[in-house]
Amino acid sequence: MLRFGVLGAGRIGNVHAKALRDSGRAQVAFVADAMPEAAAALAAKVGARTGSVDDVISSREVDAILIATPTDTHADLIEQAAKAGKMILCEKPVSLSVERIEECLKVVEKAGVPLMIGFHRRYDPNYSVLERRLRAGEIGDVEIVTIICRDPTPPPVSYIERSGGLYRDMMIHDFDMARFLLGEDPVTVHALGASLVDPAIGKAGDIDTAAVHMQTASGKMCVITNSRRATYGHDQRIEVHGSKGMLRAGNMHLTTLEKANDGGFTSDLIPFSFIERYEDAYRIEINAFLTAIEKGVAPTASGHDGLMAQKLAEAAAESLKTGQAVAVR
Amino acid sequence: MLRFGVLGAGRIGNVHAKALRDSGRAQVAFVADAMPEAAAALAAKVGARTGSVDDVISSREVDAILIATPTDTHADLIEQAAKAGKMILCEKPVSLSVERIEECLKVVEKAGVPLMIGFHRRYDPNYSVLERRLRAGEIGDVEIVTIICRDPTPPPVSYIERSGGLYRDMMIHDFDMARFLLGEDPVTVHALGASLVDPAIGKAGDIDTAAVHMQTASGKMCVITNSRRATYGHDQRIEVHGSKGMLRAGNMHLTTLEKANDGGFTSDLIPFSFIERYEDAYRIEINAFLTAIEKGVAPTASGHDGLMAQKLAEAAAESLKTGQAVAVR
Amino acid sequence: MLRFGVLGAGRIGNVHAKALRDSGRAQVAFVADAMPEAAAALAAKVGARTGSVDDVISSREVDAILIATPTDTHADLIEQAAKAGKMILCEKPVSLSVERIEECLKVVEKAGVPLMIGFHRRYDPNYSVLERRLRAGEIGDVEIVTIICRDPTPPPVSYIERSGGLYRDMMIHDFDMARFLLGEDPVTVHALGASLVDPAIGKAGDIDTAAVHMQTASGKMCVITNSRRATYGHDQRIEVHGSKGMLRAGNMHLTTLEKANDGGFTSDLIPFSFIERYEDAYRIEINAFLTAIEKGVAPTASGHDGLMAQKLAEAAAESLKTGQAVAVR
Amino acid sequence: MLRFGVLGAGRIGNVHAKALRDSGRAQVAFVADAMPEAAAALAAKVGARTGSVDDVISSREVDAILIATPTDTHADLIEQAAKAGKMILCEKPVSLSVERIEECLKVVEKAGVPLMIGFHRRYDPNYSVLERRLRAGEIGDVEIVTIICRDPTPPPVSYIERSGGLYRDMMIHDFDMARFLLGEDPVTVHALGASLVDPAIGKAGDIDTAAVHMQTASGKMCVITNSRRATYGHDQRIEVHGSKGMLRAGNMHLTTLEKANDGGFTSDLIPFSFIERYEDAYRIEINAFLTAIEKGVAPTASGHDGLMAQKLAEAAAESLKTGQAVAVR
């Protein structure tokens, strides 16, 4: 049974640690967090001990490190864990800097340890089945991928200031999903953006509403739109148009209830919390990591996937600044 | 923390015992089953010990008894547990005989212990919200309740022979749901039935396709149809028509995927397993029992609810036999 | 080009006369109505002359008679037209009395003229395609037919008093649809009914809310519910469950619009007027009559279909009175 | 009653001429077409005479000219009709050249005659109601407009060669719809395109798959995707995301039928013919022209609307060529 050291006991660290515990296939041995009470609380929930980050990474009772700390620590911790010979599951992104990711991945490669980046949406049952059916050829060749992602409300401006901007913080998931579904890397990116939701976001130098489209070398296209506001919940839809038809994954409603009266026919809302929306995805993601380790295959999303998504985000940010299309390096 | 003795380690006993363990609010102390290996296996999963039915019921380390044994043992076990002063959660039905239920409920009443009957559908999130919105008056006065229930495939004929027949075994859930939604007791029942799915079921004296409609004293109606076969999964729909509108709960699909091609627009199947379909309902049901105990209120569905559903099933069975409408006693 | 005499220039007479004109395959030669202005107005619209009922029926410039007069005149006019050798398209029902229909059909049979009864729903594109796919075996053998029919608002009590009651006036369409879809005649009928919408309807001796279920000799079932009130429009749904699957026809919404906000996801209303709802059906029905005449085949719904629907309505009315199931003669 | 001269007796000329006839508010006096038999056939259907283009435009028995001739004749015919003092309804586009449109509109302005451009989608009941509800503020400020338009099959390459390219021929409707819904003019356009459907289209110098996104001065965005192939019909969807919610118009299915079996739940196809899809829109468009004339207000879409849509198409074509974003003049 794989023994994990969990770094970071915040919201997402909790989600992962509990998923490990409930998997019945792994064990959380240690929890570390800059806030000792947070570490202790999570450790108690999952039957683990607490320790410092260094101790946990170097512990001989730990086989794998799960990194759920703030973004700016990811690359350093990955390198430290890799050098200690640990398997690694790291929340996205490795770094907000493409160069830093490239350096980091070299260290991982040299260490020869497995690394999985937490693009949990690949494991959402709707999206993973969609991708499987695409690859099975159900709708022929992929031609246009359309991704809509709208959050119910923007995060605090203080968060946005440290986030790297909408493309790196929010659309990063859609960039990964685009590559996952296109089965090919985009080579051109053009981005639009504006602050329509909250002027404070604009003042902080970021946008809250965005449209990006991209094209691969073979001509396939992907169109992504994002908004930091949706009054009806966490709106997450994917549609793939192919030579033989169309496949799409819609929203999951809170219940199957429908009411009809003189105002029309009204269905239920969709989840407002992404943790609730992706509850299954997080659970399946952890199990996919464990399965990959057991089978001795490389887990996905890989470090390379993390790198490529970041390159697309960077290209979008550059496009927004210049107003022009950007070639992906 | 309430300590449970679980009687019966079959499929549904497993579902309940795990829900107790995962609730974080109760503990399974003992498991009993006629097959010792089944008891041991479940006990291991939930951290319990095994014991004989008599020992478990009389144990001082047990506060509550969960009965998930074969139907013909329910009434006796309820009485035994009641006399031992235990709280009781019993799978439906108390008995296939209305008279036996009435006797049994008298014993429970005399003992003064809480008794909950496992009509789990009341705790399905779709149905419980529907009922709450009905009671809140969203569609005015209830006028017509329509319930459709179709199982993917019939159970083995050997099961059917001991089941008490479709009305008592399968439609019993719909009878309870009818009362739950009508908010009033039906006084007239007329039933149709036929063996259209499998002639062997007809030879065994039962039906596999059925329609029952009922009316309350104030004129409200309920229409129920059942089939033991549905090629597309476990079809479970409820619709309530009221003076100010309509509320309905549809099927839950396996994914939100939709494919469009020259064959049309195709959505995903619905669950084929009722355990999968009602996973949330079973979990919420257990927690509702625990909450009722904590708050000192009577849990529902009550013994009386169990009795009334059985009376409706009996009336339907009599109606099928005579071809005439039957007044509910 | 077939020349029609249209008897009755009311709402439904107008619908049919315009459908004849627009068909490009027939001509309205004469219009007759007890109110001369109504006849003149319709005649002007469709390029016809006016005349008395007797003159129109006996005119040598008329090949076919379309009867859209009040119900109590239908049987007499059919007989008169049949004796004059005219082809006949008569609005449902032939008569509220089964005996009178039987007499009338004998006269038609003796005259050897084609007679079509206006069960327009058979020609609704949704229902006619549903029936064709049923007959093609798409869902195997029919097992349960479920029909829901709810009118937005009740007609005036003065109308209800002369209507023959809900079963003969409103559910008659569903009885015909039941036979159309079952492909077999029901042999047993049990009916429930109540006045829940408007007490004045109850005082007039009628009901406004009803449930009827029926069974054929081979065991197939049909469940029908009716209400004279639906706050969200003219609710018309049909569902057929068969051995290999399910086919259903849902409501047609006014537009495809959907709005999402913090109140949920709201689709548009459905038509409130049956003329709007069945606009296509009326047009196709007229053309089906013309096609049948051109091909020399018997038009449907036939006089026999009209008779059988009336027998089911009569059985339902008797069942409501006695509370017991009624065998259809 | 307005008397029309219809120029062009092809498919769309027929649609318009019949809509005029059926309106009951106008009369087709003359039909002209380069192919005399086509003109004669249409004239016979609508009760008109035939004549040469020059004769029709100059006829004193003609009040209004409907232009449904090949695109390259539109601007000349508009000028000729304007100089003759006729009201004008012209199929889109005025010209494939922005300059030519500007010249032409000056002539019309000088003549002071009403001019309507045939952007029929504005009159589709789904889209016109959507726009009305937007303007009424139902979802607050418009933020993102998403338009999906996919034709079932590409037109012949011979047509494509003369079409001005996908942006001017097909996406032109979406450009008009974008302006209609944004309520503001886009100032930046970036376009992607590829020939993924048929290599022959690529050889002819055109594309068959395209994505365009645009932004207005205030930051609102519009995302359009087009494909010349959709195996499931004429896919036409619009979604508007606003500060207070979302409004969308989906596809219209051929029937409301749904089948469920072990392959899933399958709804019907959508129309394959745009004439069938937009039957109502064409009829309402003609009546909107007549109403505007009667009320003495300017009909829409106006000549200016036609010009602006063409400017967006031109910007998209330039963007595709240069790979860069283009500022709309």
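A few points about this structure:
Going in written order, the chains are labelled A, B, C and D, and every chain counts its residues from 1.
The definition used in the following text is that contacts are C-beta pairs under 8 Å (C-beta built on N, C-alpha and C of every residue); 3 or more make two chains touch, one makes a residue touch a chain.
Remember, predicted model here, so these are calculated numbers, not experimental data.
In terms of C-beta pairs in contact, A-B outnumbers the other of A-B and B-D.
Taking the mean Cα position of each chain as its centre, B sits at the greatest distance from chain D. Separating the centre of chain A from that of chain B, both taken as means of CA atoms, is a distance of 40 Å. Our note on geometry: chain B versus chain D, Cα centroid distance of 58 Å, whole angstroms.
In chain B, the positions touching at least two other chains are 230-232, 235, 244-246, 260-262. Interface of chain B with chain C (complex): residues 141, 143-144, 146, 148, 150, 188, 190, 192, 194-197, 209-211, 213, 215, 219-221, 223, 225, 227, 229-232, 235, 241, 243-246, 323-325.
Remark: chain D residues 230-232, 235, 253, 260-269 touch chain B in the complex. Contact residues of chain B toward chain A in the complex are 125-126, 129-130, 133, 138-139, 244-252, 254-262.
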